[in-house]
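Naming follows writing order (A, B, C, D, E and F), and every chain is counted from residue 1.
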Amino acid sequence: MILRIDRLQTELPPPSDPDPVGASAVQELLGGKFGEMSTFMNYTYQSFNFRSRQQARPFYDLVASIAAEEFGHIELVAATINTMLTGAAEGEPGEAGDLTSVKGTRNTQQFIAGGAGALVQDSMGKPWNGDYVFSSGDLLEDLTHNFFLETGARNNKLKVYEMVEHPAARALTGYLLVRGGVHQVAYARAIERLTGAELMKMFPSPRIPTEKIPECQPHIQRGEHLKLYRFSVNDYKEIAAVFNGPHPETGEELRIADEVQPEGAPPFDLPPQEAVFAPGPEPEEIAQIAARLREAAGLPKEPTGVVANNGAGVLGKVKDALG
Amino acid sequence: MILRIDRLQTELPPPSDPDPVGASAVQELLGGKFGEMSTFMNYTYQSFNFRSRQQARPFYDLVASIAAEEFGHIELVAATINTMLTGAAEGEPGEAGDLTSVKGTRNTQQFIAGGAGALVQDSMGKPWNGDYVFSSGDLLEDLTHNFFLETGARNNKLKVYEMVEHPAARALTGYLLVRGGVHQVAYARAIERLTGAELMKMFPSPRIPTEKIPECQPHIQRGEHLKLYRFSVNDYKEIAAVFNGPHPETGEELRIADEVQPEGAPPFDLPPQEAVFAPGPEPEEIAQIAARLREAAGLPKEPTGVVANNGAGVLGKVKDALG
Amino acid sequence: MILRIDRLQTELPPPSDPDPVGASAVQELLGGKFGEMSTFMNYTYQSFNFRSRQQARPFYDLVASIAAEEFGHIELVAATINTMLTGAAEGEPGEAGDLTSVKGTRNTQQFIAGGAGALVQDSMGKPWNGDYVFSSGDLLEDLTHNFFLETGARNNKLKVYEMVEHPAARALTGYLLVRGGVHQVAYARAIERLTGAELMKMFPSPRIPTEKIPECQPHIQRGEHLKLYRFSVNDYKEIAAVFNGPHPETGEELRIADEVQPEGAPPFDLPPQEAVFAPGPEPEEIAQIAARLREAAGLPKEPTGVVANNGAGVLGKVKDALG
Amino acid sequence: MILRIDRLQTELPPPSDPDPVGASAVQELLGGKFGEMSTFMNYTYQSFNFRSRQQARPFYDLVASIAAEEFGHIELVAATINTMLTGAAEGEPGEAGDLTSVKGTRNTQQFIAGGAGALVQDSMGKPWNGDYVFSSGDLLEDLTHNFFLETGARNNKLKVYEMVEHPAARALTGYLLVRGGVHQVAYARAIERLTGAELMKMFPSPRIPTEKIPECQPHIQRGEHLKLYRFSVNDYKEIAAVFNGPHPETGEELRIADEVQPEGAPPFDLPPQEAVFAPGPEPEEIAQIAARLREAAGLPKEPTGVVANNGAGVLGKVKDALG
Amino acid sequence: MILRIDRLQTELPPPSDPDPVGASAVQELLGGKFGEMSTFMNYTYQSFNFRSRQQARPFYDLVASIAAEEFGHIELVAATINTMLTGAAEGEPGEAGDLTSVKGTRNTQQFIAGGAGALVQDSMGKPWNGDYVFSSGDLLEDLTHNFFLETGARNNKLKVYEMVEHPAARALTGYLLVRGGVHQVAYARAIERLTGAELMKMFPSPRIPTEKIPECQPHIQRGEHLKLYRFSVNDYKEIAAVFNGPHPETGEELRIADEVQPEGAPPFDLPPQEAVFAPGPEPEEIAQIAARLREAAGLPKEPTGVVANNGAGVLGKVKDALG
Amino acid sequence: MILRIDRLQTELPPPSDPDPVGASAVQELLGGKFGEMSTFMNYTYQSFNFRSRQQARPFYDLVASIAAEEFGHIELVAATINTMLTGAAEGEPGEAGDLTSVKGTRNTQQFIAGGAGALVQDSMGKPWNGDYVFSSGDLLEDLTHNFFLETGARNNKLKVYEMVEHPAARALTGYLLVRGGVHQVAYARAIERLTGAELMKMFPSPRIPTEKIPECQPHIQRGEHLKLYRFSVNDYKEIAAVFNGPHPETGEELRIADEVQPEGAPPFDLPPQEAVFAPGPEPEEIAQIAARLREAAGLPKEPTGVVANNGAGVLGKVKDALG
């Protein structure tokens, strides 16, 4: 089972100019064959289906804990898309013409099915599906798959990085390239441990050094390209048995993070989008009901959740930005 | 982001007689339109896409924390399927005829694509897909959907309960009916809070009291039908503002659990299935490599993971049972 | 728009021995690429999308009125499947083991998703989809398609006739072969009218004379193989301009029916199947509510609907048959 | 079975400026998960699969007759799309460059697969599929679904209303919002009748009063928001037992229409689009053949069908408009 | 089995101005229901599944050899798409903004999943699928299908011809219309042979004479509209028994080509597209490795493959053209 | 383009006892994600989309020629399925009950859609689709994919080998394991050549030596595990630059075959299956027409095609076997 921490694994910029067409491209990193839904679900099901866990514990722990990190990745991609869609559908609910600005956007369902929100689809609007999950039960083969999957994922992140200039997309891909790179190394190393085959010479794949991407630099400087988190307080201790040795690109030593998970950052509380009824055509009414319920339950008057834009000042600035 | 706890939310029986045809039916509860992938992913994406979280905090917290519980549910269904498949494909790897016993099973891909393992498919082998996720951004509408989804899920659990007699399937459905019932109530209550509409008279739906199911009784006796967990150490504190009042079937008071999550139980370490190469045609080789890696990393000689059948005795019994 | 008549186009036998495996095969005639959903929807959308209707009126009328007949065909196939499933899932709702008899059936979703009911799927459980509809807008091409579609449909009906021995399936295929045969002729004749190409020599296709099928005989004797109905009180009068000339197999003259639609027969009121909650776990409660509502609305005490088994005697016999 | 009436349930404006991008968005209301194909097919199959009809007659009649109305809705959406596409692909058949104007349109298949015509797809080009049909056999659950489905459908109609400014789309959504609203109320009322739960407080959902939409006003003024039609000459008399009581938004009394179906309006005879071969590259040839066939069959010289633009004057005006 | 000849069946122009939106439309001719994947795979599987080949040899040979030609057609469509995409994604690999020029293109996966390359999808990004293959085993029915398929394919080619002005698309459709026309005639003639039905009056279908398309003229002048190739050195000799008689449009005599296959033309060696990593972010490195491997294997220093732009001069011109 | 040779790449046994359930499992090797359609189409499209062919010629030649071999593999799998289905549907066409023997088979569409024939589906009846094709344009990544694909394919072949005992399935998997193994080595070697990474230690994967499979032995003894064919008379000469060095399992030297393609064997001329109308309900009629056409075209009286069971004796034996 899992516990949630209501923080993002890395900071994302606040909404700025909306970019719905860019957001439709970013969907590839969420619901595409090589998107984060695929990495999350592949490793999750491989961990569920793992037989003989005790005897193969270091490998089980590796797959299971990386799976946990990937939840944070789908969360980040969704947050990015939502950020990019914010402000794209301004206007009054039920007012003719309010959404004409997105009539020609590439993914209309972000507005018709969703409330200017992320979908579980790829960049062509095709839904992610469960047959993207490879879980053969054969450890070596699953690892081979995972290495390939991370390679494809890295390719797609690089392409989206090149394609979409929105600051949120840049921040996202910068972070994912670094962390996905760690997973790519982890699976290659696991194969090495299991077979002796030297896969490190295949890095970087695609053959573009991660360090050349400016948006990756801050994360590299914090050593995020070298460490694996356990994403568990008590479990998955044996990842250390697999994830070690030199990094294939930099030669630095790989290591297990001291922290259970990255500190991350609180999410941005994205503003309502009334024209698409999110969180409703009249958000104020919901706010009042929520306040009353809070009070009746003896909760503090102010919301207890922590968000990036808690202070009025920040919120105001966003509203200006979206003006 | 999430942290994983390597325990199941409830105890499942160990493998006994295999039941691959039954396991193909249980898949409906995993990858079906009303399966746990749907509950997990619907609430997860609704929480990701939630706009104006602070102002609607009690509702956001409700959806976000139930989402976290649902991860435990996909884990349980997968564990059940894997348990039921254990022993169905006994034999030597690469030996002609070893899998003829499952040639006519309803879901051949559990053995051909998987290693006697769960798939992200429904009972007809159709993959779960992302368009099963409803995330309109409109809070009232999302809640209406969620109430309907839980109703459909309850229907499907009851049907699978009636259809599949394997002890693991019985234990699974007994637990899920109770916990899914809590979610069904939670969403109905949230709609009541938001609109004043009295939905409690719709319970139970389908019109079969949960307490009549013998396998639900142990959980009801522990009060599991009354409480919501936060599934977070620090967050989602405002669920208390929505989830309260009398239970529609029993009249008892709903409440927030003191514990962050259910104590649960360690998973069963399912035995290898060599004929389907899980975790490989020669599990012993993997075990030896794992032991060496553990040693080299300075980890204890014995695996650090906790599983239900840690003691040799239990493992032996399983082997006998599968004998 | 349409009006409904609550009768089947032909009589079907009452439920007898259930045949869920057979019913899963009959689904091909409902939701398969060449099933009745396809004929219904193809002609319906071709009529919706028809340009220059006035100038091409005889052809428009032909397609539009055949479309209307096809609604009756999906109704018949569904009724057949429902008849065949009746009694397959006997037992008490919520009782473990009640559905084990269908655990291994080919289409579990007829029971898990449905209440022993028809699905919009083919014989492999794949849903019918809108891309089965061909509506090019080019009249000659649409007619070419329709002739091919009816040929494929006839093939599938013959195969299901050979494959499924249940009396309802026999009655169904006997009727559909005759009426589908009329449509196959109609489209071929329309192509002849438009191009002069002689397609009548392609009959029968597949090369099995309809008259050889015993279950077709009663319909042939009533002349059902020769006439087209308008399925409209006031419209589609110009079908007579296309549908005439000799029948390719018998040489008899084709003609427009005097009646607007076949007289048909009242549907069978299929008994509840409590184990799958149809119409609910406790049908009696629904019946009582219905009776009260009827009374409050000033309606007769007895249900106003006409069904095949209205009399208590008949209903009793069915119950015996299902006993 | 059904009879067709060759009229639309409401009047639509004639073709004006084409809007293929808008038409691709309107597809969501036809083939989307919450489009009219879904409402039509859900209620149709629920009526086919209804068990114990006699005892639950008022509910059966309700579902069956609403199903019939929904056929008229798919017809209206298709007519709207066809209207919006008219003129978008002007030019000569087989002439290079004639369709370059729509090379970049969102749904190319409206022109390549179709003849500037509606498809059975959603706004992303994904085909409608049969697994959108929910027919559990459990009356209460089916009604719960239907209420949810209508809520989602209302959401989508409002979004498309905001997004697409073409007069045909406006007229369409104005009408569908009113009539779909009636169905939403009908299913909520049915649940109330069955359980006593008060759902009326959930209206309007989404929380935008229907009366605020200008395009809804003419229909509201004719009382179309209050009445249910039987859509059958002899059947479905018991809908009166369920559909009554006050309208949740206006408090006016709900009632059964005196007429069997709305009077509606004749459809527009949409002009040929030669560049996409609809009804053929040379419509004149078809017209001549049709005239000859009519004559040979003893039919009147003029087409017998009734269309909105029968008179030369109207037709001329359209041609000018498309100029 | 097959042998490959590394030549295209007809000459295509070199890359010029890129046209990614046009290329997304051309995909319909590759992966659409009526695209070349469908013709290739339909005839291929019909030949695989053909029963009683010896007794029906002329028909088997016809289907089998046309299947072989269709491989050349998928090759041509892919080459066209690749040509049209060349230059659309210029820039440096891993450089932010390099792909923004195609952020809004209709098929983003041509760049994200592919390296500015063709996909096995239709014009809406939906993948081709195996249920597009019709192989009933009934010869007459398969031929009926094939005639219909070629008719639909001809329709789609004409539409794409009208829609996409890029020289490569024009050259492609000009060629495919002629050769597909031959197949349409071949299947119609086969039906005539089998049944006596006169289908030749249905030509041309759609009703646009092939000879009116300027891009078809060069191929017609070489007689490509009259001859069938065997596409086999030793087999398929009996096609002559079916494919003969007058051409339905021109009256000229159909005949079997003296050559086994068309001479065709060498493919263009399309230049690297570094921004999408094709054939890699650093093509020079691959080239050097290839040169070394060639040398080590005793192969000539220069590549042995024959391409249209072998000479430096041509390559230079292309680079200029792509400037 | 391609030329066809009407021979199978290896000999298959004649029809014996039919095994439709086994044949439904073998479908995984045809239309499954890791089936031969996937290997065939992946390499084919990678060769189509290959940029900078001349500079990377040895790699292009490798992918292009292996693609050609894979056509022979889909042919072999289809032939196997057809062989296994022969005799399963004996009986008279149009006779009720003739197909009841396969009413419960796992893949009914082999009989309803097909004529006891192979489908382009996997073992669950899901169609193969074009998104199974990975063609990133990045050579290293495509090769990584191909190595993974061959590994998954080897896994599935081994599983089907274990699962299906029919002699045709055994012969098929024995051959495919050897030849697929060559491709797995070829792609691993190509990666080595490109990066220096030593992948040979990953063999065998799955970890079952090929030589242990008795049905592989005859092919190994002929050296089929060591050589690559060019499958082209004039092209693909540079495969020698990549495919060389020691075999990872045996240490023997890899080499390019002297022959262009394997000699193979003539296909079996499978007998008619009248009950499913293959090649028609009355095959004799087709045979007579074929004979007349042959004569009219001046062809020999006897069919010119070469099949395994040309002599009457053999054919007779088959008929006996099927008796």
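Throughout what follows, contacts are C-beta pairs under 8 Å (C-beta built on N, C-alpha and C of every residue); 3 or more make two chains touch, one makes a residue touch a chain.
Here the structure is a predicted model, which means the values were calculated and not measured.
Counting only chains that touch, the fewest steps needed to get from chain B to chain E is 2.
Shared contact partners of chain C and chain E, listed by label, are D, F.
Interface residue usage between chain B and chain C, two copies of one sequence, is largely distinct: under half of the residue numbers at the contact are used by both copies. For the two copies, chain B and chain F, the CA superposition rotation is 120 degrees, given to the nearest 5.
A separation of 23 Å divides the Cα centre of chain A from that of chain B. Distance from the chain A centre to the chain F centre is 41 Å, each centre being the mean of its Cα atoms. Across the assembly, chain F contributes residues 33, 106, 113, 124-126, 131, 134, 136, 138, 140-141, 155, 206-207, 276-277, 280-281 that each touch 2 or more other chains. Working note: touching chain pairs come out as A-B, A-D, A-E, A-F, B-C, B-D, B-F, C-D, C-E, C-F, D-E, E-F. Only residues 21-22, 24-25, 28, 32-33, 106, 122-126, 155-156, 158-165, 170, 206-208, 212-215 of chain A touch chain E when the two sit together in their complex.
Of all residues in chain A, only 1-9, 31, 37, 41, 44-45, 48-61, 64-65, 67-69, 71-72, 74-75, 78-79, 82, 113-121, 127-141, 193-194, 231-238, 240-242, 244, 260-262, 264, 267, 269-273, 276-281, 283, 286-287, 289-290, 293-294, 296-299, 303-307, 310 touch chain B in the complex they form.
The part of chain F that touches chain A in the complex is made up of residues 33, 126, 131, 134, 136, 138, 140-141, 144-145, 147-148, 151-152, 155, 191, 195-202, 205-207.
Interface of chain D with chain E (complex): residues 91, 93-100, 102-104, 106-109, 111-113, 124-126, 275-277, 280-282, 285.
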